[in-house]
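In this document, chain identifiers A, B, C and D correspond to the written order of the chains, with residue numbering beginning at 1 in each.
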Amino acid sequence: MEATTNSTWRKKLHEIIYEADTPSGKLFDIILLVLIILSVIFVMLESVSSIDLKYHNLLYIGEWIITIFFTLEYIARIITVKKPFSYIFSFYGIIDFLSTVPLYLSFILAGSNYLLTVRALRLLRVFRILKITRYVGESNKLMKALRDSRPKILVFLFAVLIMCIIFGTLIYLIEGEQSGFKSIPVSVYWCIVTLTTVGFGDIAPVTPLGQFLAALIMITGYGIIAVPTGIVSAEYTRNTKPIKIEDEEYVHVNTQICQSCGTAKHRDDAKFCHKCGEALHQAENLG
Amino acid sequence: MEATTNSTWRKKLHEIIYEADTPSGKLFDIILLVLIILSVIFVMLESVSSIDLKYHNLLYIGEWIITIFFTLEYIARIITVKKPFSYIFSFYGIIDFLSTVPLYLSFILAGSNYLLTVRALRLLRVFRILKITRYVGESNKLMKALRDSRPKILVFLFAVLIMCIIFGTLIYLIEGEQSGFKSIPVSVYWCIVTLTTVGFGDIAPVTPLGQFLAALIMITGYGIIAVPTGIVSAEYTRNTKPIKIEDEEYVHVNTQICQSCGTAKHRDDAKFCHKCGEALHQAENLG
Amino acid sequence: MEATTNSTWRKKLHEIIYEADTPSGKLFDIILLVLIILSVIFVMLESVSSIDLKYHNLLYIGEWIITIFFTLEYIARIITVKKPFSYIFSFYGIIDFLSTVPLYLSFILAGSNYLLTVRALRLLRVFRILKITRYVGESNKLMKALRDSRPKILVFLFAVLIMCIIFGTLIYLIEGEQSGFKSIPVSVYWCIVTLTTVGFGDIAPVTPLGQFLAALIMITGYGIIAVPTGIVSAEYTRNTKPIKIEDEEYVHVNTQICQSCGTAKHRDDAKFCHKCGEALHQAENLG
Amino acid sequence: MEATTNSTWRKKLHEIIYEADTPSGKLFDIILLVLIILSVIFVMLESVSSIDLKYHNLLYIGEWIITIFFTLEYIARIITVKKPFSYIFSFYGIIDFLSTVPLYLSFILAGSNYLLTVRALRLLRVFRILKITRYVGESNKLMKALRDSRPKILVFLFAVLIMCIIFGTLIYLIEGEQSGFKSIPVSVYWCIVTLTTVGFGDIAPVTPLGQFLAALIMITGYGIIAVPTGIVSAEYTRNTKPIKIEDEEYVHVNTQICQSCGTAKHRDDAKFCHKCGEALHQAENLG
């Protein structure tokens, strides 16, 4: 008898936590979302020294309350689910774990509480919660296009990295340490900054030859940005093809006109008018 | 009698203000465009201290004259239109309102007159006024492609934002406050600056690990810029496909089968079989 | 008699100057190209003070020699062409004129000789000279795609400009003059710098609200770069549509006509008419 | 007898070095990859002064060991291959040579050992070694799309360069030397930095006219980035196009099989076999 009660209780909790169709499930999900957003804002604000000075205790308490709630939720998720391990090691399971642990760790490792912003990943649930299937569909299509493009994009990024190592060494040899190119790793970093057209400007070439090489790197970066774009574009276009003529439901028609009723646009192989049933002249069929 | 005159007067004013086909309507629209451009220039110049010192009065008077004209025009638009409220709460109605209010507000709230640059939005009328249907057509097609891509772009930007929050926290923990990464919000801001390849350079990582993470963010940003481009590109390509089914040479056929010779794929409007000339049953034609 | 000699002389000169098929015409074109490149380099080097100090006279004399050559060439082009005015006001005619005038102007207006770099435009002749039709073809296709995309791109840039005016005003009001946002025009300039993801960093927001707005502008710029790309991409794809036919369900048909029933469009490998079963003549099958 | 042993020995070495199918060949390739990565890291770290101070000897010895290994490998490759010269002057042959020479050169030319980072190019072998044909296929498709786009991209970059020379001269004349635009070459460099949306910010216009021109350059750069993207995108799409049939010369065929000769793929409307002239069964025509 008690086992049944227990199982009913677990079933209900499961319904609330995992499903978003019942009113209580919906409420739970909305509360969760609000708490996630709040807690991310709390952690971010805590790092702003002027705000932290004034409201430290408030933020600290808020963080603890939300973390305890998340911990309880995490435990509830494990208890109520049928296969606890498949949840624990799933994408969301790991994120849920990482969303509670950092604050406990902060006793041992100062500053680790900032890692709580990993909770932002939990916001990805919003798509599931809001049941906006349109968004989920889009997101799936996007993911598919990205997944299909992955090998190509990886080949591309690998080539870019090799390019950056070689160009970085060259610029290091040309500019030397006095221009800020302190070492090859820093020069490779600068090369990535330049090739991706970010261009911080904290390090910049000053010799004519260095500027010439920089111009070359920029133009290369400007030109090859086309490559990943072209890949994803082609991949995505392939997944969203419009209606095509080869469609079984369309046939070619010609300009032949029925001599009896004047109807035009007959099938190329028509022998009789589809309007009045009159025989079409074979001679005209030649055209 | 007077009501008729009144209504004639309103009708004429409506013609001048809302239509651009009559000579007076065209003249009105051109004057409007010139005044909009002039007033935006006035407001911008007023903010340049060296120019404001010399020509303050001139600019101030010019602004007031144009604003009074716009106010009168706004009132005229409300009076002459049949459904005033649908105008007031329409896109252009709100812009017209926002184009007059800030100057009156500047008595209460200093500096609010600069908000008059919102008038620039009124320039969007130029497409309607110049009657360049080609441009309007393009603009509509563009808007359609953008509207169709919106859910995908939103999913994308949402994912980018979450990425920036997490990367921003990491760089804050790695670099710390002495490199300019004062707080997590500032670090997230820097992360957006880097990921979008803007790269101001007011804040830049200095530690090797920070530069490594920055390089990762840049390459990510450089790689995923392909995503929105691919989306809009595919969406736009879909809207401007070269061969369309409406093509005169193709007609739709259905699955109906001739009871006499068994020929399938008749035109939707076929009354007789094009193969054997047998009458097709009308009842089946409905499907 | 003399007139004939004169006309023969002009004809020959025309051949040398305007055509690139004869050996002398080819030589002339190559000399021209070398001189254009040399003169652009001369003008650029003259602006480098360290080089100018040492080699001023050399560069000055070189510039004058090339300019006199170009002047003579310009006169020769006018003399030998049939319709001088259509040359003078053509694209290349205007460039040729602008390539000689600045040096003469430098007597009146100091520094105008630097405008000689406009000569770089003459390098566009390289495509004509090298007779690389492939390149010319590509260039034409590119130009066509760009010309077709123009109205859309203009609508897009117009919208971007209006956006920059409004965002520029907002950031001016938020950041104020102490952060470098001296006036609305400067703020609009900064907004363009940010939206196009250039990001010089000479001006950068420092207040949280300003940084938030900046992040918004960047993400907008990062997102809408997809629009012109999508446009040109779609336009270009349209011009280079391939036709592929490996599809199993389609076979190639030819124009052969059955001598018995007049049916056309038989499979290439057809031996009998698919309509009436009559043997098709093998001889005609060869075509 | 000895000749045979020799040839067997060479054959076995060839198998190990050039092939990756046997266990020893695989092991050799993996060791090679690890050594390449190690040596690139060694060279990079050596340029970091703080690390070099501590571990100079370790890095120096490591570099020499790897270089000697590479030298032996290079010699072995020449000995075991059938046509040594076609290897020496092949892409990989030249890279292998450049991967050993710089260290020996460093006795004569200080700093040339840094050129060892050219070894990073050897990492391209990873695709061959790992036998990830999928990656190789993608890489080939990418290379094809890039090769096909080359003439177009070159025309584009040529036009961009001419644009940068002219805009660079204009900004030099407008801004002058006091704003950092020291000479025309530097201004052209700045123009490339701006047009490619890199925007270091080490040089930035300060006059209103200069900022206006800069805004123009940026918008141009932002707009024309669409061109290479559109090109590669179209080229790439062309390689992965689906099938189209609006072409007049193709007709739809079905899976019907002639009962007399067994020929398949008849036109949908065929009544007789196009191969043997046998009548096709009407009943089967229904499908």
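The working rule: a contact is a pair of C-beta atoms (placed from the backbone, for glycine too) under 8 Å apart; a residue touches a chain by one contact, two chains touch by 3 or more.
Computed from a predicted structure; not experimentally measured.
Of all residue numbers used where chain A meets chain C, under half belong to both copies. The two sides are thus made of different residues.
The chain with its Cα centre farthest from the Cα centre of chain A is C. Just to note, of B-D and C-D, the chains joined by more C-beta pairs in contact are C-D. Taking the mean of the C-alpha atoms as each chain's centre, chain A and chain B sit 25 Å apart. Between the CA-based centres of chain A and chain C the separation comes to 36 Å, rounded to the whole angstrom. Chain B and chain D have CA centres that are 39 Å apart.
A separation of 27 Å divides the Cα centre of chain C from that of chain D.
Residue positions 156, 185, 197-201, 221, 225, 229-231, 233, 237, 242-246, 251-252, 267, 269 of chain D are each in touch with at least two other chains. Within the complex formed with chain D, the residues of chain B that make contact are 197-201, 229, 233, 243, 247, 257, 261-265, 275. Across the complex, chain B meets chain C through its residues 40, 43-45, 47-49, 111, 114-115, 117-118, 120-121, 123-124, 126-127, 134-135, 138-139, 141-142, 145-146, 149, 153, 156-157, 160, 185-186, 189, 192-193, 195-202, 221, 225, 228-233, 235-237, 240, 242. Within the complex, the chain A residues that touch chain D are 151-152, 154-156, 158, 162, 165-166, 168-169, 172-173, 182-185, 188, 194, 197-201, 204, 208, 211-212, 214-215, 218-219, 221-223, 225-227, 229-231, 233-234, 237-238, 241, 244-246, 248, 251-252, 267, 269. Those residues of chain A lying in contact with chain C across their complex are 197-201, 229, 233, 246, 268-269, 282-283, 285-286.
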